[in-house]
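Order as written gives the chain letters A, B, C, D, E, F, G and H; numbering starts at 1 within each chain.
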Amino acid sequence: MIDKQIFLDLERLKRLGMVEAVWGENKSCEQIAQILRKIKAAKQLALVTRVNEKKALELLEIFDDAKYHYDSSCLTLGDALLVEPSLGEVLIVSGGTSDFRVASEVELSLRLHGIKSEMLLDVGVAGLHRLLTNLQVINKASVVIVCAGMEGSLPTVIAGLISQPIIGVPISIGYGVSRGGEAALNGMLASCAPGLLVVNIDNGYGAAMAALRILKSGIKNNF
Amino acid sequence: MIDKQIFLDLERLKRLGMVEAVWGENKSCEQIAQILRKIKAAKQLALVTRVNEKKALELLEIFDDAKYHYDSSCLTLGDALLVEPSLGEVLIVSGGTSDFRVASEVELSLRLHGIKSEMLLDVGVAGLHRLLTNLQVINKASVVIVCAGMEGSLPTVIAGLISQPIIGVPISIGYGVSRGGEAALNGMLASCAPGLLVVNIDNGYGAAMAALRILKSGIKNNF
Amino acid sequence: MIDKQIFLDLERLKRLGMVEAVWGENKSCEQIAQILRKIKAAKQLALVTRVNEKKALELLEIFDDAKYHYDSSCLTLGDALLVEPSLGEVLIVSGGTSDFRVASEVELSLRLHGIKSEMLLDVGVAGLHRLLTNLQVINKASVVIVCAGMEGSLPTVIAGLISQPIIGVPISIGYGVSRGGEAALNGMLASCAPGLLVVNIDNGYGAAMAALRILKSGIKNNF
Amino acid sequence: MIDKQIFLDLERLKRLGMVEAVWGENKSCEQIAQILRKIKAAKQLALVTRVNEKKALELLEIFDDAKYHYDSSCLTLGDALLVEPSLGEVLIVSGGTSDFRVASEVELSLRLHGIKSEMLLDVGVAGLHRLLTNLQVINKASVVIVCAGMEGSLPTVIAGLISQPIIGVPISIGYGVSRGGEAALNGMLASCAPGLLVVNIDNGYGAAMAALRILKSGIKNNF
Amino acid sequence: MIDKQIFLDLERLKRLGMVEAVWGENKSCEQIAQILRKIKAAKQLALVTRVNEKKALELLEIFDDAKYHYDSSCLTLGDALLVEPSLGEVLIVSGGTSDFRVASEVELSLRLHGIKSEMLLDVGVAGLHRLLTNLQVINKASVVIVCAGMEGSLPTVIAGLISQPIIGVPISIGYGVSRGGEAALNGMLASCAPGLLVVNIDNGYGAAMAALRILKSGIKNNF
Amino acid sequence: MIDKQIFLDLERLKRLGMVEAVWGENKSCEQIAQILRKIKAAKQLALVTRVNEKKALELLEIFDDAKYHYDSSCLTLGDALLVEPSLGEVLIVSGGTSDFRVASEVELSLRLHGIKSEMLLDVGVAGLHRLLTNLQVINKASVVIVCAGMEGSLPTVIAGLISQPIIGVPISIGYGVSRGGEAALNGMLASCAPGLLVVNIDNGYGAAMAALRILKSGIKNNF
Amino acid sequence: MIDKQIFLDLERLKRLGMVEAVWGENKSCEQIAQILRKIKAAKQLALVTRVNEKKALELLEIFDDAKYHYDSSCLTLGDALLVEPSLGEVLIVSGGTSDFRVASEVELSLRLHGIKSEMLLDVGVAGLHRLLTNLQVINKASVVIVCAGMEGSLPTVIAGLISQPIIGVPISIGYGVSRGGEAALNGMLASCAPGLLVVNIDNGYGAAMAALRILKSGIKNNF
Amino acid sequence: MIDKQIFLDLERLKRLGMVEAVWGENKSCEQIAQILRKIKAAKQLALVTRVNEKKALELLEIFDDAKYHYDSSCLTLGDALLVEPSLGEVLIVSGGTSDFRVASEVELSLRLHGIKSEMLLDVGVAGLHRLLTNLQVINKASVVIVCAGMEGSLPTVIAGLISQPIIGVPISIGYGVSRGGEAALNGMLASCAPGLLVVNIDNGYGAAMAALRILKSGIKNNF
């Protein structure tokens, strides 16, 4: 019954060129459905993050044109935006298989905004050769997004090797002092490598939107 | 007497296009002098951050071609790099006069790498009109770097208004829960605005190097 | 069997003009029922906060004159107090739909004490225009209570725009560094806006009682 | 040389009825002097908080119409505002002599805005009788501001005894777990007394501005 | 199969006059059963704390002479120790009904060691009169144990009123900053009242054993 | 000029049998002098803790009957209380020489209240034999107070060996994770030994007052 | 479907002589199965830690040559490595029965690498005699690994008694300030005993691999 | 006057083969002198860590056979122990010049116990090539001790490359989230590399003693 008081930011698309992501974790199905109806009525693309399977099934019953993405636990309604292909490509690097959900959230968020990306998984620094043999792939990307839990040193090592923009996404997976992702977060912020940028723990969507800002800025800078 | 064991990263310039910044705060004059001699011998540009006035005077005695920058508490040795002007411009925004030292470190670090920047000081969110009347200036920049202490909400508000890359620099100035800069840091990481990027507290040099990566990436993306 | 040793503060109503709220989260149904019987026997109004649906159903079976409020997860027994209408009106502002449960606890707590309030939801600072177009509504209120999670900058922005008493309620909803509500709490405490007041994370009842103290003080001040 | 880029919030007085306080602790004399000149040119009242004696003497040399307040470590330039006397009176209560500087900052900040206040010092809860014998004084105040360090339980005890608005100011004085003021801050936020409001540690100015908002709201509510 | 490697401290009774408490929360039924068998074989009294109902039922099936105490979530096997009645009496005071489980753990632990105690519940400081009208009861006790969650100021207030030994037990019940019991713990440690002693959060058994040490010391001191 | 508003707790002596300790660390000489004059006028004994040498010299100039105690950094004015010798003796144990100042504060605080104590220094657990060869001395004490910094395990080991009341005083001396005393504090609170009691970090006076409560309770219990 | 992007560190065995442990806690059955297939194809030994019973049963269905180890919650696939017996023996000491799962993870991890170990359980410092009577056993070991929760003082006491390499494993079991294992971790790091080494909370596998490094180094040092 | 109560652990040398290090930071010159006299009387070697220059000069006046080591801020009295050369060599690796004091404390502590070591400075991961070109040197060492501040990822990278025992020493040098050394400490504890061991922040002496334990264990294992 809170329907009429909700002020969705439907002009975000026009203002920022970004779809408003609905954070699904602490919202009830009913709350999400209300929001989706508003977005649909405005003929916009909807992205709901952190939707568990149970909630997703309920929402798919209500919205038969919605789609659930298991890998990223996201639900979408509507088609991806079209962006000119010249924007460049994003590479998503990850230190371990446990980072896969967040890495997938990055990939989906980019795809919805018309940005192509590739993934390079399980290249953690404990086995450095995996990273070094992939350096060429890394060097081709316009922006590199690195997901890492535990001590989070992967983005530091990569930032020392390449000159492109690089965004670290700390992952909450871990135990003991790395439980919750703070050791990884602080490791990335305290990094001795110059110019490493950081977003909140597990914030795949945020990293994707930052990459989008950077890629678009490339166009602007040259005209 | 530790001289011969030091392995400076003198190839950073070639590899990353960045000058290695020497963090001066916890080094003795003697240690800094040793490092400066090595950099000078390699004919590279030296940037020492967080050098207090007393240390600076001692170092200026030793290196008569060094220069001390009061506003940013930095010391440099050698000439700024030349970079093609087409890279675009950076805007440095700050919430209060107390952020000035870090904002100046950003400006100097950019200038040494051939990047032009402007400053917009004291436009904190408690007097929102100051920000809104400067929106046009903000919108012209290729990258926006926002320094903010206290609750650190300034980059969040700006990130909701513009579509360019935006980097938040939390400032350690404050008292009570904002003492040390963690309230500002967490506020920026937790931001509800999409795609806000963050560096370590007071890390002006890091924000500048991230902006450099972004500006260069703009060139790459278009050729 | 602890019944006879409980000393409820039944004179709170007389002393402070406030109903004693029973915090239901960590009490068993049996414990809540014992307390409700005592309050009922004293012919007072009972407010139990943070009662989940399962507990509520059990309690509704025992007390057929009790009422469960889904939006705020509160249970009440007895009728709202009557207060003269001249006390002024409270506006409850919130940054996102996830704050709705706490905002509803504010609203219910006020209503039980005879205070009228309105809600303005989803006006987060990432889309500033939503707030600015509602400034007139905000300016009419005698007291403004702002619920915000994430980085919690909404009350700071509003406190810079209006001169009325303003109370920030940090919300525990969020992830990473904003998980648990501490980033929002510290952001409100560290606020650069003058005179912003804060209560504990998720403490909707407390914010309402503070507003009640303020509204009553208005009467007292003028006689 | 940062002079022309400073955007002081000189309309704060008109917008909020409050003087902009300059936080003096981390600003150099030169920075404070620049700001004072701007405020003076705008013919406004200036309040600089946390100015140590050494800085104060330098500033008094520059501005011969400035005044230094030892008790509160504040410096002012210009005359207090005139406010109608009917706004009511504030009582400042403190748990120990060590809270005196912050209590004095509250008193000065109120006086500059034309608000009268009284102080009741050293009535900590470890000697409860001191508080109970002063209850009548406390009950006469329109707003009560309570400064407390250590465990910070004084505002909780008072909030259980009176029905007026009550604002807790945690004090950073203490040792061990109370060092820095967080034990007092959390104690006030976690308070079992209904409707206790809190500001940042040592934030005397903030508490005063909140009291001002409340006192003014009393007028508004009745017209 | 770890059986033969367990070295229970069965001489604790002789050495300290205390029963070894088995902390049941993170042990499996099988692990607890193994330990109980060893204690039983040594003809000692067994006290298992933090046993949930499910585990208790399983254990009661195995040990038909065991007894489950619902109020304290403890399980015992064997008879209470006999102690001369002259040791004096303990008073258990609590700030709210939610503290009841821990208060009951104190009571049971004392009873098993032959010490008599009384309970005074729900006398939180927000309604000070409840405490003051019970001062005579409090003054009769040899040792006072005070359980308090939230801001934990109850033991501070009592310690300022009486001269007996007083032990604060912080309770983990609460939300926001008092969630987990740290605000209460720090409040008790930072207490401005002289000579308040503290144990770990929720450590009812520990507070009881400390009281036992004190009561026995009374005998020793006089012979 | 704050003189007339100070409400010293001069009845503490009568009520609790304890001298009010003035915490000297964050008070100016002038503030301490004002307080001392009030206590002197009331013909009571004054104890000021944490007075550095510089302040002490200034105060000794003003009060020629004052006495400065270097070992404990305390200043006293007036004679120690007389207490019947039958109260028993306190043993002060310490893990390292760095704990000596706090151990001395315990000793002085006890002596002022007529309680005799002995010290056993430098018996840290890393050389267990030092402790074991002193067990007989430890066993003779009525109350044992153990000061320990670093990991703070000394009181745990002792509490497992003796049955008397035992009070742990965490010491702030240390580096890295033990810096500030929190590792020692948490180690004592988390102790696996039954009935170990704890006071705030460095709180020698508090530990002494707790011992006084215990020793007096011994008398009460037996009459 | 992430299969082809996974870069397992299959050369770890050759490079470090260690099996790569798969951290099973936050991986789905499907993710673990994919990894196990890759390891199996490479004819290597697989060790999956922190696999709950439910996941284990599913995996045992898929891999009929896998084995689940209840005590340590680990799953293995393939045979233990063969190592020459002369490497020496490890002793695993633990303070309480609740540490058994982690102690078992140490034992299994060692066994898979061909290292023999013994366990000494429940010898916590609160009953010191248990430790002292086992000193001879402890003195025979080449490396001692000590698991301890609560205040974690057991490794400190042992490190003061023996001269062998000693590794502390903090255990997350506990409540209040020892909940999560940080009190134990900090207690071990802050230890006053010289040369105590520490691994992450609950990191049994890590402690075992460190012991393996030490035992192998013994060989190397002597040839 | 505390002299006779000090129980130095003079048998540590016999028991553990280690010199007792006196932690000099929080001890007065007089306290250190008392201890040195005792050690000298026992004809043992004395090592005092964290002695600043001022204290050192005072102590050198008293003890003309003492020696001050500027690089490590340590003071010694007496000759280094003799140990058979076959024990193997330690390599001390460091990420930056600021780690030099702690690295020197490691070197001195080893040398005093007859152990040879080499240093490899400034090979931080941001310039990985410096590390990779030194791999052969690293591989020759029996034990590797890695000092690292900032994000502390250097020991993780090395532990993935070599199979010897490796000890990480977090360094307190840094700013923002790495200030105090906790980011480095947690990064090392959370390391994804198997078998990395950690000591307290800045604990050079501790790392050296751990290396000594390991080197000696090598002998024991083979005889």
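Note that a residue touches a chain if its C-beta (ideal position, glycine included) is under 8 Å from a C-beta of that chain, and two chains touch if they have at least 3 such contacts.
What you see is a predicted model; the values in this text were computed from it and never measured.
Q: State the chain with the largest centre-to-centre distance from chain H, centres being mean CA positions.
A: If we average the C-alpha coordinates per chain, C ends up farthest from chain H.
Q: Find the chain most remote from chain G, comparing centres computed as mean CA coordinates.
A: D
Q: Tell me whether chain B and chain D, two copies of the same sequence, contact each other through the same residue numbers or different ones, using over half shared as the line for same.
A: Different: when the shared numbers are divided by all numbers used, the fraction is under half.
Q: Compute the distance, rounded to whole Å, between the mean C-alpha positions of chain B and chain F.
A: 49
Q: Measuring from the mean C-alpha position of chain E to the mean C-alpha position of chain H, what distance in angstrom results?
A: 44
Q: Centroid from C-alpha atoms only, then distance chain C to chain D, rounded to Å. What do you get?
A: Comparing mean C-alpha positions, chain D is 26 Å from chain C.
Q: Per the centroid of Cα atoms for each chain, what is the distance between chain F and chain H, given in Å?
A: Going by mean C-alpha positions, chain F sits 35 Å from chain H.
Q: If a residue has to touch 2 or more other chains to count, which residues of chain A qualify?
A: Residues 12, 15, 96, 124, 126-127, 160-161, 176-178, 182, 185, 189-191, 194, 200-201 of chain A touch two or more partner chains.
Q: Going by the touch rule stated at the top, which chains touch which?
A: Chains touch in the following pairs: A-B, A-C, A-G, A-H, B-C, B-D, B-H, C-D, C-E, D-E, D-F, E-F, E-G, F-G, F-H, G-H.
Q: Please give the residue numbers of chain B that touch chain H in the complex, ascending.
A: 1-2, 5-9, 11-12, 15, 23, 25-27, 31, 34-35, 50, 170, 172, 180-182, 185, 200-203
Q: Quick check on the complex: what are the chain B residues that touch chain D?
A: 71, 96-98, 100, 119-124, 126-127, 129-130, 134, 173, 175-179
Q: Within their complex, state which residues of chain G touch chain H.
A: So the residues of chain G in touch with chain H come to 12, 15-18, 20-21, 86-88, 142-143, 160-167, 185, 189-191, 194-201, 205-206, 208-222.
Q: Please give the residue numbers of chain B that touch chain C in the complex, ascending.
A: Listed in rising order, the residues of chain B that touch chain C are 95-96, 124-128, 150-153, 156-157, 159-161, 174, 176-178, 182-184, 186-194.
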